[in-house]
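Residue numbering begins at 1 within each chain, and the chains themselves are lettered A, B, C, D, E and F in the order written.
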Amino acid sequence: MQHIKTISKNIGLAPIALFLATDQCFASEAAKLDSGDTAWMMTSTLLVLMMTIPGVALFYSGMVRKKNVLATAMQSFAVACVMSVLWMIVGYSLAFTDGGAINFFVGSLDKVFLHGVGVNSLSGTIPETVFMTFQMTFAIITPALITGALADRIKFSSLLLFLSLWMLLVYAPITHWVWGGGFLGDAGVLDFAGGTVVHINSGIAALVGAMVLGRRHGYGSENMAPHNLVLSLIGASLLWVGWFGFNAGSAVAANGSAGMAMAVTQIAAAAAAVSWMIIEWIFRGKPSVLGIISGAVSGLVAITPASGFVGPSGALMIGLSAGITCYWGAVVLKHKLGYDDTLDVFGVHGIGGITGAVLTGVFAVEAIGGTPGLLEGNVEQVLVQIEGIVATIIYCAIATFLILKIIGCTMGLRVDKETEIGGLDSNLHGETIQ
Amino acid sequence: MQHIKTISKNIGLAPIALFLATDQCFASEAAKLDSGDTAWMMTSTLLVLMMTIPGVALFYSGMVRKKNVLATAMQSFAVACVMSVLWMIVGYSLAFTDGGAINFFVGSLDKVFLHGVGVNSLSGTIPETVFMTFQMTFAIITPALITGALADRIKFSSLLLFLSLWMLLVYAPITHWVWGGGFLGDAGVLDFAGGTVVHINSGIAALVGAMVLGRRHGYGSENMAPHNLVLSLIGASLLWVGWFGFNAGSAVAANGSAGMAMAVTQIAAAAAAVSWMIIEWIFRGKPSVLGIISGAVSGLVAITPASGFVGPSGALMIGLSAGITCYWGAVVLKHKLGYDDTLDVFGVHGIGGITGAVLTGVFAVEAIGGTPGLLEGNVEQVLVQIEGIVATIIYCAIATFLILKIIGCTMGLRVDKETEIGGLDSNLHGETIQ
Amino acid sequence: MQHIKTISKNIGLAPIALFLATDQCFASEAAKLDSGDTAWMMTSTLLVLMMTIPGVALFYSGMVRKKNVLATAMQSFAVACVMSVLWMIVGYSLAFTDGGAINFFVGSLDKVFLHGVGVNSLSGTIPETVFMTFQMTFAIITPALITGALADRIKFSSLLLFLSLWMLLVYAPITHWVWGGGFLGDAGVLDFAGGTVVHINSGIAALVGAMVLGRRHGYGSENMAPHNLVLSLIGASLLWVGWFGFNAGSAVAANGSAGMAMAVTQIAAAAAAVSWMIIEWIFRGKPSVLGIISGAVSGLVAITPASGFVGPSGALMIGLSAGITCYWGAVVLKHKLGYDDTLDVFGVHGIGGITGAVLTGVFAVEAIGGTPGLLEGNVEQVLVQIEGIVATIIYCAIATFLILKIIGCTMGLRVDKETEIGGLDSNLHGETIQ
Amino acid sequence: MRTVMAIIQPFKLEEVREALTSLGVEGMTVSEVKGYGRQKGQAEIYRGAEYEINFLPKLKIEVAVNDDVLDSVIEAVSKSAKTGKIGDGKIFVQPLEKAIRIRTNETDSEAL
Amino acid sequence: MRTVMAIIQPFKLEEVREALTSLGVEGMTVSEVKGYGRQKGQAEIYRGAEYEINFLPKLKIEVAVNDDVLDSVIEAVSKSAKTGKIGDGKIFVQPLEKAIRIRTNETDSEAL
Amino acid sequence: MRTVMAIIQPFKLEEVREALTSLGVEGMTVSEVKGYGRQKGQAEIYRGAEYEINFLPKLKIEVAVNDDVLDSVIEAVSKSAKTGKIGDGKIFVQPLEKAIRIRTNETDSEAL
């Protein structure tokens, strides 16, 4: 997604916001469709969709108890459907058009209902339809990730309303900040594929959500161990496989940058899985499936912002670190602070996203992504990265809190106790698994 | 698959039937391999295979009772294997060669055993081997879809024989009619990716099959609710993801047309899922997993013929409509008419296919696919679409009925009552799930 | 992977080992990135990763008893992580650099930690990062396959150590022999995608492992039937779908050779599944899910070395043969010889790999892959193929045996009896499925 | 009072339940069990090896009844569960000393 | 000695277990069962057709006890399992003639 | 007649079944249960939190027998199920008043 940068570098164009707004008016030299890039970006798009359905749906539903399996899977699936419609209607326009006077913050309504996105509109070397759909899949997975923190107790109707508002009021603006022409992109924040936009964002929303919602009944005393980690392992595997679309797809081309993004993604994921496994082996006495898959996802999260900027060795370090910080987030920090983040969305995506955003500033290699990092003497980049983190945390936390409180006061957020104990599957959806 | 049209438009060639028959004889200017198109079409091919195994296999086997899970999954898998072999031997030749005097109806035997399909044969800008395999995956999924109507009671041997004959005698000719140079393509029927060829066709065959076979024991009194909808949700998700290969792959290139097909596919699927969910929420009181995934598939079915011809707003309307008509087909119509279409193949693929075929004629946009629809003043297109629907229904219904009756009279169609009650898994395959 | 050959043919370059070693020093005419080839190779890379996670993980974990499900899935997942790290650190360098004086046997340490693999390094027409990651996925799946023979009784720690050593000491050298500039490639052994390197290699290691480890408690008396073949069917399907990346990806381009590899892969897999199903129907009385999926994998294994060299009819013959030989391997031979190869890794991958390697020499078509086979009068090719088989078997068997014995004498290989009877899931990983 | 415990073929449950409710029996408890007896399962063949299936799936029904309806309950179960083939199952009658309805603390015949 | 068999709501297990252990009962055996009774399940609607759910998930607890604690055990179960809503379940008491601890061959009250 | 109900370790089933058949006992019914007793499960650790596992998987075997073989049945079960470790389980003997074979209506000892 760092194509603002890459495109700028290659063809000297103004930020993509402007670019997109004008690409239908004149056929610039640069704007020629490349079938290889298009093939890769269509593939990347469907990979990122696969990350949510069935990826996140399985990753999460395998971790809950048997009475909430279908409800949990349904949340991801329904979120995918609702966000697609909203993105087509207004989300894409808010994130990826020029907002004029308020462009530092959000785009305009110029492309509501995809107005003007035609069969020949290009976005760089690929059809704009593909770019729009690729971005749609990001607007799907980010809210879908949040559901993990609210699992086992949120009302389905409230969840859909919450995440719809959240996508439009939190996700779309922050995307605009970083990739759509807004102030964080201008400030030079490096976020190749969404460490800030997707992971810190969803992680913070998850933390706020878990705290506003309160703990599950029986939390701390009842055994709430995952009912079937085979499902979660399938989910984690599809997340991993799909993440190549996420990261290498964010090059918006099938080129050397995409190739390096793919390699570092693989290395970081594997390294984080190994480091989590080892720590768990030491402290818990046994390596677990839950542990190794959580580790892999941690590595994938942490390499996300870095994937176009670092090399293999940086990726190895980022991965090893993320396995440790996220283990600490999910296993130590959570118990210390006492909130009930059901499936550790904050522990993995929040902590992992922050780890990755900071380390991108440390390990960035000029020869790879055009920007040097701390290790190459560019101290400032780390500060810019922290600026991006802090801005996102503040805005996301406040906005999420307000949306949840408003819904909580009107239609309510939690199911009643009997529904929670009896299980969401039969009570909310009238279905159970056998 | 509307590549006849697209290719014609781009390079002014005669229909592909002729094109394919001659492409090895002279190297035309146009016939140059494009690596990007080839990359996308190989990807599309494996995606459509993935739609059947494990897609349809899971979608269906999650919906049956625990005693028939393996048998149901096995049906899709075995169909995939048998159809591949038959397609290679004779199916491809029947569908995609020039049939001479009977070309309006079916092709010839010129390419049996893929005779003449060499490593350098091209089909447009891609290797003919890829085009042949891409088409093979369509010849796999269409019969596999039919199995859903016959589930829980058909003999495995009879099923394989029935679908083998059906693929050669019904699917191959109808494919030829629309894409191979036959009379429906000539008549101007719009079917980008197989609304008629795949979905109406399989839906009608399913309806006939369900009626010939009769209802399951206990139908209407016993609770036959799905045993594990997580499997079906994985299946539906993989169908969705794979459908980009189906629809955007039918552009037979990685271009703007493919990109638009991808975008409208995503929009229609999501819209149909949302509309089914809302209706069910209203009428049943609870939104279900079975409902939302059925809705998504309905939207995918309905956008199939339209995917190269309509824009985002048309896709939104087609999706919303399909969610409603297919809900009606699966939930209302079936009970009114009293047939036992086990997994609602007719309700979703038949009704959805008809909805999509008609609405393609309504929402087609000239600027996108070259043909205007009703909304752009081309009243006639709707009539042409209906011609395609009616021809398919009549031929498919009669031929399917005859094949089934002949098998029924000779080797029998249904398992005996004890096998049906005891379950197909242990009785037909000697295996059970724990 | 026969890109040595293909590239040589196209651009007249020396073997890729040399090519890779120098491609950063001068920009040769030929060394231009092709976006379509790159798109396809990135797709292929993630497909081959998907073959292991979740492919092999599910294929295997569905076949074991309920008490060992998670442990089995975890083995594949952990192997994927550990091998990735090792490949990045040293494996790639050992396999794909010029080893100087010992180049016939193994490469050098020139590229440890991927030293020198930059964002602009090319390997043919694709980034070297992509080639390296593609090869990494082969170095993942090969050890992962071996786990199937050791399932239900090996210690997790010993397994990881064994496979780490095995990958570095057995897999990397043999890969170098065939594709990295070593003696088997020089001798003219045809192995397009890894019939020898991956399948014979893992099959022999599996056989040795099963014999060194000894039989499971209760083997032969207790019913050890698969607990849930739906998982295995998903796994087999994803293996099949991913195998297009494996075979057509081994063309290292999106071209006619890749297209033909795709077609023959599909045909052979389907044919082998059908032939296994028929034999089982005859001898066991019922066709089983376990049978048909084993058959499909057999066909995929056997076509692997042949996929760039044979045509559709050759593929049909190879598939039909592999279904028979592997059935015999898994069902007859194993019982005769009495070893306990838990999930028939030798029966399917060993026997299937040998079948394929020999038949490649029989059915190779000069017009397709540049080398004629026995049927075209080239008797010698079969002998060359057998040379490759024998060399691999001897080296792999001895080295595997030694590694296992050393581990067995130091840290031990098997869990204790109580752990084995109680199940690996709870005892080794502290988790169970419900 | 007596406890009637019946081991039946799984697919007979609905018939047995209907036979019992038509007698006015308003409660029963059912569990899934595995039965070993004269009826032998089909041998399972897996990868060429054959395994005897000794334990077959059955349902166990437990009904607490008053002594006056005991005989008619036995007869009802017996008739409705019968197929005449080996493996139909058994009915066992055991003494029951006390029954309590948890919700109301009613005891004995009022609790049934 | 007596066998106390209680059919309870699944989510009451922990409370019942605690009530029993606080009485000094150190062992019990629990099984998952389906109960038919006055409590009716929500009708399940599937593809527009409605099915009555007759059998609801319950747990069966079996505890072998000495006669001297029988009454307090009954009371403990009864109190801890009660919600006051239909479907709370039943307690059945049956005679127990002999109990043996397999490990030690201890019998009767020493075996409990 | 008596009903012998034994709670055993799951992996002992085959041994117990063989011991019983060698006595001529031709039928039995087995269910999966969870046992609470002196034997404690390993604590499960999940995401850093530790949970005690109170209920462990056991099998319950029910065999209806004639009084003359009662003692040998008890002994057979007791011997074959023993490992000598905590958690081996219990044997409970209850009176059985009547037994009926559904298929034939044979009663009592003929029904066993």
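To be clear about the criterion, a contact is a pair of C-beta atoms (placed from the backbone, for glycine too) under 8 Å apart; a residue touches a chain by one contact, two chains touch by 3 or more.
Predicted, not measured: the structure shown is a model, and the values here were computed from it.
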### Graph distance between chain D and chain F, where chains that touch are linked
1
## Note on the structure
Ordered by label, the neighbours common to chain B and chain E are A, D
### Message
With touch defined as above, tell me whether chain A and chain B contact each other through largely the same residue numbers, more than half shared, or through different ones.
### Response
different
#### Entry: Distance from chain F to chain E - Cα centre to Cα centre, in angstrom
18
### Distance between chain centroids, defined by C-alpha means - chain C, chain D (Å)
53
### Message
Roughly how far is chain A from chain C, centre to centre by C-alpha average, rounded to an integer in Å?
### Response
34
### Message
Using the touch definition from the top, which residues of chain B touch two or more other chains?
### Response
34-37, 39-40, 43, 222, 225-226, 234, 254, 284-285, 290, 430
## Note on the structure
Listed in rising order, chain E residues that touch 2 or more other chains are 31, 44-45, 94-95
#### Entry: Interchain pairs in contact, sorted by label
A-B, A-C, A-E, A-F, B-C, B-D, B-E, C-D, C-F, D-E, D-F, E-F
## Note on the structure
Contacts from chain C onto chain A in the complex sit at residues 33-40, 42-43, 45-46, 49-50, 53-54, 57-58, 61, 69-70, 73-74, 77-78, 80-85, 88, 113-114, 117-121, 126-130, 132-133, 136, 156, 231, 234, 428-431, 433-434
### Query
What does chain F use to touch chain D in their complex?
3, 17, 26-31, 64, 94-103, 105, 111
#### Entry: In the complex with chain F, residue positions of chain D that touch it
2, 6-8, 31-38, 54-55, 58, 60, 74, 77-78, 81-95
### Query
Which of the residues in chain F come into contact with chain C in the complex?
11, 14, 42, 44-45
### Task
Please give the residue numbers of chain A that touch chain E in the complex, ascending.
222, 421-422, 426, 430
